[in-house]
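Two complexes are shown next, each including subunit A; its partner changes from subunit B in the first to subunit C in the second.
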Partner chain A sequence: MTVKMEASAGKMPHNTLMAYGLIVAVVGTYLTYLNVLTGVAIFSFFGGIAAVAALWWGSDTIKHLCSYGLGTGVPSAGMIAFGSGAIAMIVGTKFGMASPIVTLILAAILGAVIGYTANNIINMNIPVMVMSLMELAVVGALTMLGFASMATGSFQFKDLIVGSMSLSVSSAGTAAGGAQQFLVTAIPQYGNSLIGGAALAVIFFLGALALQHPFNACLGPNESQDRTLMLALSCGFLSMIAVAVISFVFVGLLAGVVNLLISLIAWFYCYKTYIDLSKRDAYAWLDSKPIIEVGGDE
Partner chain B sequence: MEEIVLGIGITALAGALATVAGAAEDTESDIGSQGDPNSQVQLAPQMGYIHRIFNKAVSGEPPAYGLWCAIGAGVAWAFLQLNYNPALAIILGSIVAVFIQGIYCTSGYLGRTASLAKFKQPVYIDILKSLTSVTMAHAFVAIFCTTAVCYLMSAALHHPFALPLLGLIWGIALGAAGSASGNPFYGKERQYQNQKFGAGVPISASGNIVRYAEAGQRSSLDNGWFTTKFAGPASGICFGLIVFLELWRTVLFEKSIAGWGAVIAGIVLILIFTFIDRWIEVWGRKTYGPYTEPEETSS
Partner chain C sequence: MSALGGKAAGGDGINLTGTIVGIVIILVSIGITAVLGASLIVPLIGIIIGGALIAFGVHFVPVGGAPAAMGQAPGIATGVAMLAAGAGLAGLFGGAWAYETTGDFLISIIGGAVGGGLMMAITCLMVNATYVFAMGIPAASGKVAKDPITGDTFPEYKSQGTEGHGLPFISFVGGVIGGLIAGLGGTIIYIELLNAYSTGLATMMEAQATAIQPLAISLAGIFAIGFFLVNAVLAAYNITGTIEGPHDPKFKRVPRAIIGCAVASAFCGLISLMLVMNIGM
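Up next is the complex of A and B:
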């Protein structure tokens, strides 16, 4: 299990990549707070940028972890990242302004516990396991927090569970002069919120597949870091498109259109670059050509 | 009584939709070589067998279909919140999901194939052009039907879960049904038609998948042609039965013994199916004998 398999050496060191990803993810999530400061929702897209940065960093972490002979374990790595991250993210949002930082710390602790369990109790004995699972849990939590704040325009728990207010009118008796008085109370509706309507489940899976897909799709002897990371960006922005469509419910037409346009343009650029990089790395780029035999048994 | 009759009607409709979804899902995944047959398609160039098969590496089927159906149901849910017509909302959700599915397919093929440059496997770009749309069409049918089943459960049967969560759960179930019952037709039979029937997949034949067709070179459409006849209906029956029996037991027995009636009916169903499975396995072993013994194969 501990034999390290070949993976591309990588041009950018993993720690540099982690620093960039982490900083952009946290700062991006905080930038959605501009919504509260300015009173409009058009800054929600920063949450999506934050999530894409986290996914970009996470796909390189998966490459690190899975280069230890975990071929079919690549998709599972995406799932465990978001499984542990989901808990940290939902608890973390209870802390108001400190939510992104608390989410980060909680996810790191959770990841460390899971990593220790996998490595020392189940005895998987992979040297980078604890660190990788810590990173993956943080990636999962920050991605979900980023996409959630993009969809709703806020990273606070109360905005994630309350969709809208409905008014309840009850009679409060008859006032002097015979006029009826009514007591009007606002009742929060949970069913049409991000968590109550389970739209968070969609975000969970959008993130989990976008996290594991880049390395899962590009693994092989000729894997190269820039191509894998470009696919990570492409998958991240693709997930952002879906979140942008869902965000129309929560942030309204204008902010929704801003979300959608930014994600569409960014995705198109990254996807096009990814195709060019694939063309660069491919053995040959053929259109309607027969099989080139290189010598099997036939 | 009227409620139960309506419930049974919904159950039958959901079962029918699920059957169509299962058949479409398996055909889609077989044309794209997703799931367990993928490993052989991936291995073939490394053993010197260059091929023209679509290598659509998007994790396993259950997570992949979990995502497609969750997107379908999630976007449909969003449009329902905006007071769209349910049929239109489900169609729009399926369109967004299929768009993402198609992009994942192309990036999976390009990524895997470009990373095999060392083994001289070229990227056949016409595979993407001709097959991506076929898989997207089948995926649309599968996602639309599954999202419709979820909508029926949520709106007509008043399931307590929200629509996106139902989409996620039934998407995973759909992928698992197709992966378990349909894929062997492709991965254990169609890929190895050049091996002796019933020989299993010996290690020495690993990667030596069939690459030439009756005329010309085998494309993944040929695999779809084969699996539509055999694997698709098998997956369809599997997923249709899962959805039908699950709803049937809930509709009929939910009211009895404070909800435990449905639980007991579920356990009884599991026991019946365990018995049937065991009986088929024993019958199969008795009829077709033990797996070939060493002295028999050497003669």
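Up next is the complex of A and C:
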């Protein structure tokens, strides 16, 4: 596509934005490891902050990609980001403490291959295609990893797949003296975990909706970067509220309440700021009022 | 931004360099799989075939996009990602249910195909009902003068300044065929992944196969959704968002989408199968 539709010039350069998003996303995911170090689960919310930072960065990437006419609409970019991100993220969590870094690398490679496919085999010929799909795959993977670590308090595969332990008691025969001995083993239950219960699929679409909406809603000649990014934050925290509700099952009441409160307050602040920015950018703003019921005689 | 209505960037031809690199990527993916876990080659090939089928199926589905919603272009008034996700997930549910009930590969993939086709048939029917009875527009294609199946003529019914509107019979048939093929592809991916994970995870976790089953089903399901969306969006990029069905000239571009989706599926498949390979943990 030769026509480049120029979205807002953008106050913050994209690379700076990407650096902030990437660093906050990775560091935030690692900060959930404080749960293990301290033994309490209240640090889970850092995962949500990480995911929102990734979404914030991803919204700007989508703006760059979709300002070239793809013809498929903005939501498709969010879908391919999370389709490839989900694959990288689940496999990336297998690598223990290195999970966030490995997820990042796997997603970048996967995004690069998909970007090359789109650009050179399907002949899209868009200059930013490979870089954008690479970034989007990383955004999708880090968002899912962040939300998953917020919901469960951990970013490691073994914690994401085991929901609870059940005890299995079997007789180990009669010991000397006639006392009955039992062999007690703990059997992990997979069905009620984040992945086994498919709560990860909910996180998948919560993230995809939050990623695809901001630019789709704000695009047009009057688009301005701070408003789009504020909507991205608002959508991110809205998804975080839903993840906070999921997290009650896995991290307990106290950490769940912390997650919920932080996401509610942050969402309220971002939404309010977004409305203020919309009023700033609008030509005129009319507050609609309820239609006044007029009496019979009037 | 589809509002610009630009032409496809690269025309209808196949990019030779890109295609050769793509085939190399497929071979490398199969090679790495063969080295790291020889038993996973069959699932990987199943995934590649499934991805190619999804790409092929998407080209049949009459996607109209935003112009169709305004009655200015034929097709279903939404984007490929949404339509493919709908048909694909309906197919996956059908196939997964059939596999759990019967355990038979052939019946399951047919079940998945019927699920996807049924979803598209219902969508097309209701879309046409909405067009005809709610929006008051007749079905007319802008790309061909005559319906290849029924022989109905279109130019008399086509409004000036539009590319056609509504959902002609050939588009309806295309939609159902597309749903069948895409549902088939998605179900093949799901079943291959499920088999790989059921045995692979049980060995890796040293757990019983029955205990690991819910985990394997969830993982295969989430991965299958991911594969489906990647392939559907790549196919959508190939048709630049809109197509009328099998009679549309854009349908000629289908070979490069099949190659592209096979490449993307091969590499995504390699990464997804790394979950049960002997690395990490």
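To be clear about the criterion, the second predicted complex is superposed on the first by the 283 of 298 C-alpha atoms of A that agree within 3 Å, B and C clash if a C-alpha of one lies under 4 Å from a C-alpha of the other, contacts with A are read in each partner's own complex, and residues count from 1 in each chain.
The criterion applied here is as follows: a residue touches a chain if its C-beta (ideal position, glycine included) is under 8 Å from a C-beta of that chain, and two chains touch if they have at least 3 such contacts.
Being a predicted model, the structure only gives us computed values, none of them experimental.
J.: Look at A:Gly191 in the shared chain and tell me whether it touches subunit B only, subunit C only, both, or neither; answer first, second, both or neither.
T.: Both partners, subunit B and subunit C.
J.: Contacts for A:Pro75 in the overlay, against subunit B (first) and subunit C (second): which applies, first, second, both or neither?
T.: After superposition on chain A, A:Pro75 lies in contact with both partners, subunit B and subunit C.
J.: Which partner chains sit in contact with A:Ile122 here, subunit B, subunit C, both or neither? Use first/second/both/neither.
T.: After superposing on A, A:Ile122 lies in contact with subunit C but is clear of subunit B.
J.: Scan A:Gly83 for contacts with subunit B and subunit C and give back first, second, both or neither.
T.: After superposition on chain A, A:Gly83 lies in contact with subunit C alone.
J.: Of the partners subunit B and subunit C, which touch A:Cys66 in the superposed model: first, second, both, neither?
T.: In the superposition, A:Cys66 contacts subunit C only.
J.: With the two structures laid over each other on chain A, which partner does A:Ala201 touch: subunit B (first), subunit C (second), both, or neither?
T.: both
J.: Report for A:Lys94: first if it touches subunit B alone, second if subunit C alone, otherwise both or neither.
T.: So A:Lys94 only meets subunit C here.
J.: Looking at the overlay, what does A:Leu219 touch: subunit B (first), subunit C (second), both, or neither?
T.: After superposition on chain A, A:Leu219 lies in contact with both partners, subunit B and subunit C.
J.: After overlaying the two complexes on chain A, where does the subunit B footprint on subunit A coincide with the subunit C footprint?
T.: Residues common to the subunit A contacts of subunit C and of subunit B are 72, 74-75, 79, 191, 196-198, 201, 219, listed in rising order.
J.: Can you list the residues on subunit A that touch subunit C in the complex?
T.: The contact residues of subunit A facing subunit C are 1-3, 5, 66-67, 69-77, 79-80, 82-84, 86-88, 90-91, 94-96, 102, 106, 110, 113-114, 116-126, 157-158, 161, 187-191, 193, 195-198, 200-201, 204, 219.
J.: Okay, in this complex, where on subunit A does subunit B touch?
T.: My answer: residues 72, 74-75, 78-79, 191-192, 196-199, 201-202, 205-206, 208-209, 212-214, 216-223, 227-228, 231, 234-235, 238-239, 241-242, 245-246, 248-249, 271, 274-275, 278-279, 281-298.
J.: Touching subunit A in the complex: which residues of subunit B?
T.: Against subunit A, subunit B makes touches at 39, 47-52, 57-60, 63-64, 66-67, 70-71, 73-75, 77-78, 81-82, 96, 100, 103-104, 107-108, 110-126, 161-165, 167-168, 208, 211, 217.
J.: Going by the contact rule at the top, pick out the subunit C residues touching subunit A in the complex.
T.: Checking each residue of subunit C against subunit A gives 1-2, 4-6, 8-11, 13, 15, 17-19, 21-22, 25, 65-66, 79-82, 85, 205, 207, 211-212, 214-215, 218-219, 221-223, 225-230, 232-234, 236-238, 240-242, 256-257, 259-261, 263-264, 267-268, 271-272, 274-275, 279-281.
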